[in-house]
Every structure is written in structure tokens, then in C-alpha cells.
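Quick heads-up: structures coming right below.
Heads up, the next two complexes both have chain A, just with different partners, chain B and then chain C.
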Partner chain A sequence: MIWLGGAILFWLAAWAVNASVAGSAAGRSRAGRVFVPLLFGITVLVLWEGVVRGFGVQPVILPAPSAIWARIVASPEVLWADFVQTVVKGALTGFVMGVGAAFAMAIAIDRVPFLQRGLLPIGNFVAALPIVGLAPILVMWFGFDWQSKAAVVLVMVFFPVLVNLVAGLQASERMQRDLMATWGAGYWQALVKLRLPAAMPFFFNGLKIATTLALIGAIVAEFFGSPIVGMGFRISTEVGRLGLDMVWAEIAVAALAGSVFYGAVSVVERWVTFWHPAQRH
Partner chain B sequence: MREKVLPVLSVLGIIVVIWYAAAVWMNSTWVYDQAERAGTTVSFAEMVPQTMAQDRPLLPPPHQVVKELWKGVAGQAVTSKRSLVYHGFVTFRGTMMGFALGIVMGVALAVSIVRFRVMDMSVMPWAIISQTIPIVALAPMILTVSNQLGIDNREVPKAIISAYLSFFPVLVSMVKGLRSPDAMQLDLLRTYNASESETFWKLRLPASMPYFFASLKVAVAAALIGTIVGELPTGAIEGLGARMLIGSQFGEPLIMWAALFASAILAGMLIVLVGTVEQVARRRMGGPA
Partner chain C sequence: MAAGAPVIEAKGLNLTFQTGDGPVHALKDVNLTVNRGDFVSFIGPSGCGKTTFLRCVAALEHPTGGTLTVNGMTPDEARRKRAYGYVFQAAGLYPWRTIAGNIALPLEIMGFSKAEQAERIERVLELVELKGFGKKFPWQLSGGMQQRASIARALAFDADILLMDEPFGALDEIVRDRLNEELLKLWAATGKTIGFVTHSIPEAVYLSTKIVVMSPRPGRITDVIDSPLPKERPLDIRDSREFIEIAHRVREGLRAGHGDEV
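After this line comes the complex of A and B, so read on.
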């Protein structure tokens, strides 16, 4: 009871602090922007811990955050091996190849408006399809190891990036292109100096969608067969053994990896498209 | 219309040609192996037809997939366990539940985020982070946990997963939409002495509708992906995702491909459905048709 009561008290107190910070001038400062969501996150963890202990929830249903943390600390080698297998070998390799392929394809069809007009509707449609369904087929083709996971990620990443980049390459204005023409710029000069930079905000939109898809693809593909290492493999076997603390530890690693991946893309975006209104503060 | 149809059809044609070429190339290995085992040789002209009609091709050519799809859709009673219509309906039902749940969650969160600054500051960053967590990692666990809580209904965990994926686009667009009225319009309502709730119902909500419908198209696709993923890791026996899993476990590529195309058709139907609802709503609200 004391756990539950304490957790609820903490929640109320934290909420009051957050409300007052958010309403005051401090809420507009940089520190306030970090502090408020951070306190909210901590509150959720405290509430979670309190509910699990207060109600005596079985660890096979929901382990407490402290138990999950203990599991993370106790088995770093396993988590690291799974991380390397799924995120580095599977997701990152596939991501790089998929983005590279989409980039090459977008440039290749750039000079043929006929193909673009045909490809955009199809690409948009395919981007909305449940491509994860290809996972079992690709696992059959490329075997159980990371190559098949990278292939799934490649296909999943390809279409959102392609569609965004093709749209982006058309984003420069008539006037700007005419200016390039008056300077006697050739196709490649205009592409590199005007149209590619103008396409970058669109390109990064696609990349951000692709980062989340990459991790999803790599993990789902492991459900269809994997070596005895990898996050998807660990999750499905530990769920079967009711080792829920290990499952949550993997989820924590996945969440961290996903957030860092997304954050890294955002940082590069800010660096590349510094001129775009969305990046100016 | 005319200038769009022709390019799309030609790109589709190119895809089909590449597909056939790839099918010949990938399935030829099996043909050559068979011939070698039998001690005979096959010429190229003999090999090609044999790659078109294997029982377990590495890559089935389009006509085989279409045939299997047709068999699954029209060749069975719709209530049969082999009917893709039946499995498609199970997936459709799950998608709609998750979609509805996602819309409710997304709109409710958006309204409170626009209304309360503290919600905006504390919840919004976590909503963004929540999408970087690969939900599929949670899927098997959501299923076992709901099993242990005594929820035998397989629909519930599926709906949760698909709602988790579909709420986010709705949330982001609704926040944008509810904030879209400009200062002039808000000032006008203030001169009318409108209360906060009147401003909400008469200005903010109607102004957010275009954003809302734009997000629905993304959300419905996400909900479908969530449902199919929810059917995958669980030994589910119904639904298109389960069909893919069965095809994978029994080494029946044709079943997998047919289920894949059925889910593509379902996705197309869902997008058309949402588009139609959008048009009807826009017309009734007096917008341009």
C-alpha cells in the first residue's frame, strides 16, 4: 500500500511542478523544455514501480522497472550481441543499401518525366503496403542470418525514400532553374548545385520514416527464422519462457537504439538543411 | 487522366517484365538440378516453360500468383478456412478496431495537448519517442500478457498494436490542425465574446478537418501493418498475417505470395474507403467537391 500511495503522491507532486513550470517563463527556456518531459518520464517509471509493488503484480505479467534494470545490468554481453546482430548488421546495413538504391533510382529516372509520372503513384501506393509481409519470402531466399534481415530492411526503406526524393527533385522553382540555365549550367551542375540541395528537406522526411521502418523490418524478419542471436529471436524465445524482464530489457535497448538513430538523422538534417525555414529558430 | 494512366501502365508493364525475367533466372537453378539428377540436359528453350509452373518456385511468376489468388478468393466458399476473403475479413476487422482506437487516442491526446500547455510539454516529446520504439518488439509480449490476464480474444492485442502505430499520424496532424486558425480568426471570436469551448467547437475543430482526413490515409495504412504484424509472431490461425506465417512454416511460397497480394489489395481498398469518406464529409461541410 505504501508503494502505491507513495507513487501516487509523487505523481501528483510532479504534475504540480510540471504545470507550474510549463506555465511560467522558465517553461520557455531550453532547460524547461528538457526538464518537463524528463520529469514526466520519471513519473511514469515511479508510477509503474509503485503499481507493480503495490498490487503485487506477477513478474510474468509486468516486471517492475527496477527488475528490468537489474536484468540489463546483469546481462550486457547478451544484449550487446543481439544489438550488433539486429541493429548494426541487419537494420543499418539494409538502411544504407536501401537509401543508396533509392537515391540512385531517383537520379536515374530524373531525366525521364514519363517514368516519374508513372512511378510516383505506384511508389506512393507501395509505400502504404504492408511490405513486412515480404519478410518470410526474403528469409527463404537469403537464409536465416543477417543478410535476409538487411534485405527486408532494404525493401522497406526503398519506397518512402524514393517517393520523397523524386518529389523533392521537382521542388526547385521554375525561376531558380531558369537562373541556372542563364548561367549556362549543365544538367549535372544544376542537379548538384540547385536541385539536390532543394530536395534535401524532402529526402530527410523520407529518411526519418525509414529509420523507424528499418528497426521494425529487422526485428520482424527474425520471427521467420534467425540464428540463435538477435533481438527478435531473444524476444520471441524469452516470451515463451516467460522471462519478461529480458523481453523488457530488449525493448529498452530497441527504444534507445531507435531514438538514437532518429536523433542522429535529425542532427544530420539540421546540418544539411540549415537554410530551411523549419530549421531556423 | 489520360496523361497519368499511360505512364503508370507502362511502369507496371516494366515491373511485370522484370518479374518474369527474375522468375526464369531464379527458378532455373532448380530445373537444371533436376535435369542433372536425371542425367539429362535441358536447353534454354526447354528450361523456360519449366520455370513457369513449379509447385514450390523460389519466385513464382505473376500468373501463378494471380491463379493462387483467384483460387483463394473465388475458388472457395467465403467462410472456408482456405478462403482469402475470410482471412482478409479477419485482418480487416482487426485493422478497423485498431484504427478506431488509434483515432480516438490521437484526437483525445491532440485536444488535451492544444488545450493544456503542460500536456504539450510533457507528453509530446514522449509521443515522438514512442514511435521510434519498434512496436513489433512489443507484439509477442502484448499477446502473452493479455493471454495471462485471461483475455482469450485474439482481437484485443492485435487492436492494441495497430492502434499504437496509427494514433501517431492522427495526433500530429490534429495538433497542427487545431492550431491552424490564425490570430485574426481567434481575435474575431474574442470580439464575439466566445468562450473557450465555443471557439473549440466552432473554429478550431472545423479548421482541423482537412488535416484530420489527410492523416487518416497514413493512419489506416499503419493500422493495417500493425494488424498483420500482430498476427505474425503468435501462432495465430486466422488473418492474412497468419496465412503468411503458415506459408513460411510449411514452405509453400504460393500461399505467402497470395497472402501478400491479398493484403496489398486490402490496403488499396482501405485507402479508397478513407478517400471516399473524406469526400463525403468535405461536401457535407460545404467545401469544394
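After this line comes the complex of A and C, so read on.
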């Protein structure tokens, strides 16, 4: 009861603090903008801890944050090995290859309008394939190790990037393309100097969607066969052993990795498309 | 080429667009000669083909009949030889480039050296009175300044012909007056041939040595007026008797072209 009451008390106190900070001038300062969501996050964890302890929730149903943290601290080597296997080798490799392939394909489609009618529907078709059907097939083709995971990620990432980039390449204004023509610019000059920069806001939309897809793809693909390392492998086996604290530890790592990945892409986006109205301050 | 030699020559020019509602006669039997150093305004209601004619000269549209030569070449050859700078109604500056970067863009495409680019950028920025704004981004400048920057961009590569499609149409009267004055100065300083589309009678009369009055459906020329106004034109010339007479004749031409359609 103490746990539950303490948690609720903390929640109310944190609520009051956040409400007053967010309403004041401090809330608009840089520190304030970090403090408010941080306190909110801590509150959620405290409430979670209090509820689990107060009601005596089974660890199999929901482990307390402290138990998850204890597991993270106790097994850094395992988590690190899983992270490298799934995120670095599987997701990132597949992401880079998928984005590269989509980029090349988008330019091919742009250069040859005929391909637009032929290849876009095929890309669309591939994107509509369910990953749970695709993943086992790709594991058969490319083996149990990270290569098959990268292949799954490639397929998942390819389409959103392609569609966005193709749309982006058509986003430059007619007047600006006419200007290029009056200067006697060729296709590649117009592409590099006008149409690719104009396409960047679209491209980054595709990339940001692709970051989350890449992580999901790499983890889920491991359910269909993997060496005895990897986040997806760990999650599926630990669920079988009722080691739910380990499952949650992997989820925490995945969430952190996904956020950092997305954040990194956002930072690059702000740097590349600083001129776009959505990025100006 | 000597001053006064023909630069743009159109003979029996026709352009028909095929649309869903049948053919549209954008230009019909247009005959016009523009000489070197002329300042030619094209005036008329929308749909009269004034913009279309300018776009034909720039090889952005292709006539379906008649002949059109620019410096004795086809418009497309002239385009590839970078014979003209084009200024659109909107400034059309690239937001990811600074003002200097925007002016450098055509120069980069045409392969000027870095040193020459810098030198030309300095010169045209001074010409349009934007000195010191080279490092700003377009969205940090007012509409009038953006339009001046786009004129600087069209001037940077020293094309003989400047084609301007309602360049000041989106600006307010005061800014417009000032830019008109500056444009005349610029024209006097550079000796370029200018083709200028507008639908403002005072603007056309104030700027031009030759006013081409056009009318719609089909787009055609109804009157060509050679202006007797002197080359030096202070803003208050607009109250003079000659000015008012020319403006009157332009208005008559516009009215006649409209026929019973108004």
C-alpha cells in the first residue's frame, strides 16, 4: 500500500511541478523544454514501479522497471552482442542498401518515364507482401545469419523511400525547371542543382518512416531462424523461458536504438533542408 | 552586331494548343521585329498570347507555324547559346541557396570559373542595388528585393536579351515605381534588348521604346506603337501630354482588340 500511495503522491507532485514549469517562462527556455518531458517520463516509471509492487503483479505479466534495469545491468555483454547482430548488422546494413537501391531506382524511373508505369506497381506489389510471409523465404535464400535480416530490411525500406523520392523529384516548380532550360542546363545539371535539393524534404519523410521499419524488420525476421544471437532471437526464446525481464530489457534497448536512429536522421534532415518552411525558426 | 539591327524576328507566327476542348489559337499571324537595344512591352488582357510569345522566343514553347529567329538562329539554338536571361513573375529563387548562390547558379551551369563568378556576382548585386545582401537567403528578403535578385541572376551571364514576364506584377505600386525607374537605368547602362510583358498601361508607356498591343481569341497583335518619349525618363514624365497621348492610344488599341466581347 505504501508503494501504491507513494507512487500516486509522486505522480500528483510531479504533475503540479510540470504544470507550473510549463506555464512559466522557464518552460520555454531550453532547459525547461528538456525538463518537462523528462519529469513526465520519470513519473511514468515511478507509477509503473509503484503499481507493480503495490498490487504484487506477477513478473511474467509485467516486471517492475527496477527489475528490468537490474537485468540490463547484469547482462551487458548479451545485450551488446544482440544489438550489434540485429541493429548494426541487420537493420543498418539493410537500411543503407535499401535506401541506396531506392535512390538509384527513383532516378531510373525519373529518367525513363516508361519505367514509372512498369516499376512503381511492382514496388507497390512488393511493399504489400506481408513481412511474416517474406521473412521465412528470405531466410531460406540468404541463410540464418544477418544477411537474410538485411534482405528483409532492404525490402521493407525500399518502397517508402522510393515513393517519396519519386514524388519529390516532381516537386520542383515548373518555373524553376523553365529557368534551368533558359540557362541551357542538361538533365543531370538540372537534377543535381534543382530537382534533388527540391526533393530532399520528401526524401527525408521516406527515410524517417524507413528507420522504424528497418528495426521492426530486423527483429521480426529473426523469429524465422537466426544464429543464437540477436534481439529477435532473444525475445522469442526468453518468452519461452518466461524470462520476461530479459524481453523487456531487449525492448528497452530496441526503443533506445530506434529513438537514436530516428533522431540522427532528423538531425541530418534539419541540416540538409534548413531552407524548408517546416525547418525554419 | 550594330545597334538597331534586328534581334528578334517573327513572321506569320502561329501557335495552336490542342486541348480537351479543341484547339486554342494562342498566337495567330504574329509579325514583329525587335531591334537591338529596343525596350519592347507586350500589353493585353490575359489570353492574348503576350506571355506565349515571350515563351516562344525563349524556346519554352514551340510555334506550330511561321518563322521565328533570335539573333538569326532558331530560338532553341539561341537558348543553347544562352542568348537571353528570363525573369518570371515570381522571383523563383532557390531557397537552399543564398542570394549570391542563386546568382552563381546559371554561372555554374555555364562553366564560369570561381573567380569570375565572384566578380560577376559583385557587379550585378551592385547593379540592382543589393550590395551586401549576397549572404542572405531569399526568404529573409522582401518581395521587391527577391525580384531584384532574380533580375541580377538574369543579368549575371551577360545575355544580350532580357525577357521579363510581368516581373513586377505581384508588387505594390510604390515598389513597382522604384523598380521601373531602376530598370530603365539598368537598360541605359547595359544597352540590352528587353522584352517586357505587362498588363499595366502606365508601366508599358513609361518603360518602352516600342509598345505591342495584343488581343485575345485568337491571340494577335492589334497595334505597334513606337514611343516618341526621350530615353531619359523621370517618373513625372507620366504627367506629360505625350505620355497621356500614348497611353490613350494603347487604351484604344486594347478596346478595339476586344471588339464586342467586353
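Note that the second predicted complex is superposed on the first by the 263 of 281 C-alpha atoms of A that agree within 3 Å, B and C clash if a C-alpha of one lies under 4 Å from a C-alpha of the other, contacts with A are read in each partner's own complex, and residues count from 1 in each chain.
Keep this in mind: a contact is a pair of C-beta atoms (placed from the backbone, for glycine too) under 8 Å apart; a residue touches a chain by one contact, two chains touch by 3 or more.
Please read all numbers here as calculations on a predicted model, not as lab measurements.
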Go through the superposed model and pick first if A:Q189 touches only chain B, second if only chain C, both, or neither.
second
Check the residue A:E250 against both partner chains and state whether it touches chain B (first), chain C (second), both, or neither.
first
Greater chain A contact set [chain C / chain B]:
B
Is A:A128 touching the first partner chain B, the second partner chain C, both, or neither of them?
first
Chain B versus chain C as contact partner of A:A210, first or second or both or neither
neither
Touch check for A:V52: first (chain B), second (chain C), both, or neither?
neither
If you stack the two complexes on chain A, which partner ends up touching A:L179: first (chain B), second (chain C), both, or neither?
second
For A:V139, decide between first (touching chain B), second (touching chain C), both and neither.
first
On the A-aligned overlay, A:L79 touches which partner chain: chain B = first, chain C = second, or both, or neither?
neither
Which of chain B and chain C A:A64 touches, first, second, both or neither
neither
Those residues of chain A which chain B touches in one complex and chain C touches in the other:
none
Which chain C residues qualify as touching chain A in the complex?
58-60, 79-82, 84-86, 88, 90, 92, 94-96, 105-106, 108-110, 137, 139, 157
Would you tell me which residues of chain B are touching chain A in their complex?
3-4, 6-12, 15, 58, 117-118, 120-126, 129, 131-138, 140-141, 143-145, 148-149, 217-218, 221, 224-225, 228-229, 232-233, 240-241, 244-245, 247-248, 251, 253, 256-257, 259-260, 263-264, 267-268, 271
Under the definition above, what is the set of chain A residues touching chain B in their complex?
15, 18-19, 22-23, 27, 32-33, 36-37, 39-41, 58, 60-62, 114-119, 121-122, 125, 128-130, 132-134, 136-137, 139-141, 211-212, 215-216, 219-220, 223-225, 231-232, 235-236, 239, 242, 244, 247-248, 250-251, 254-255, 258-259, 261-262
List the residues on chain A that touch chain C in their complex, please.
173, 175-176, 178-185, 189, 193-194, 197, 273-276, 280
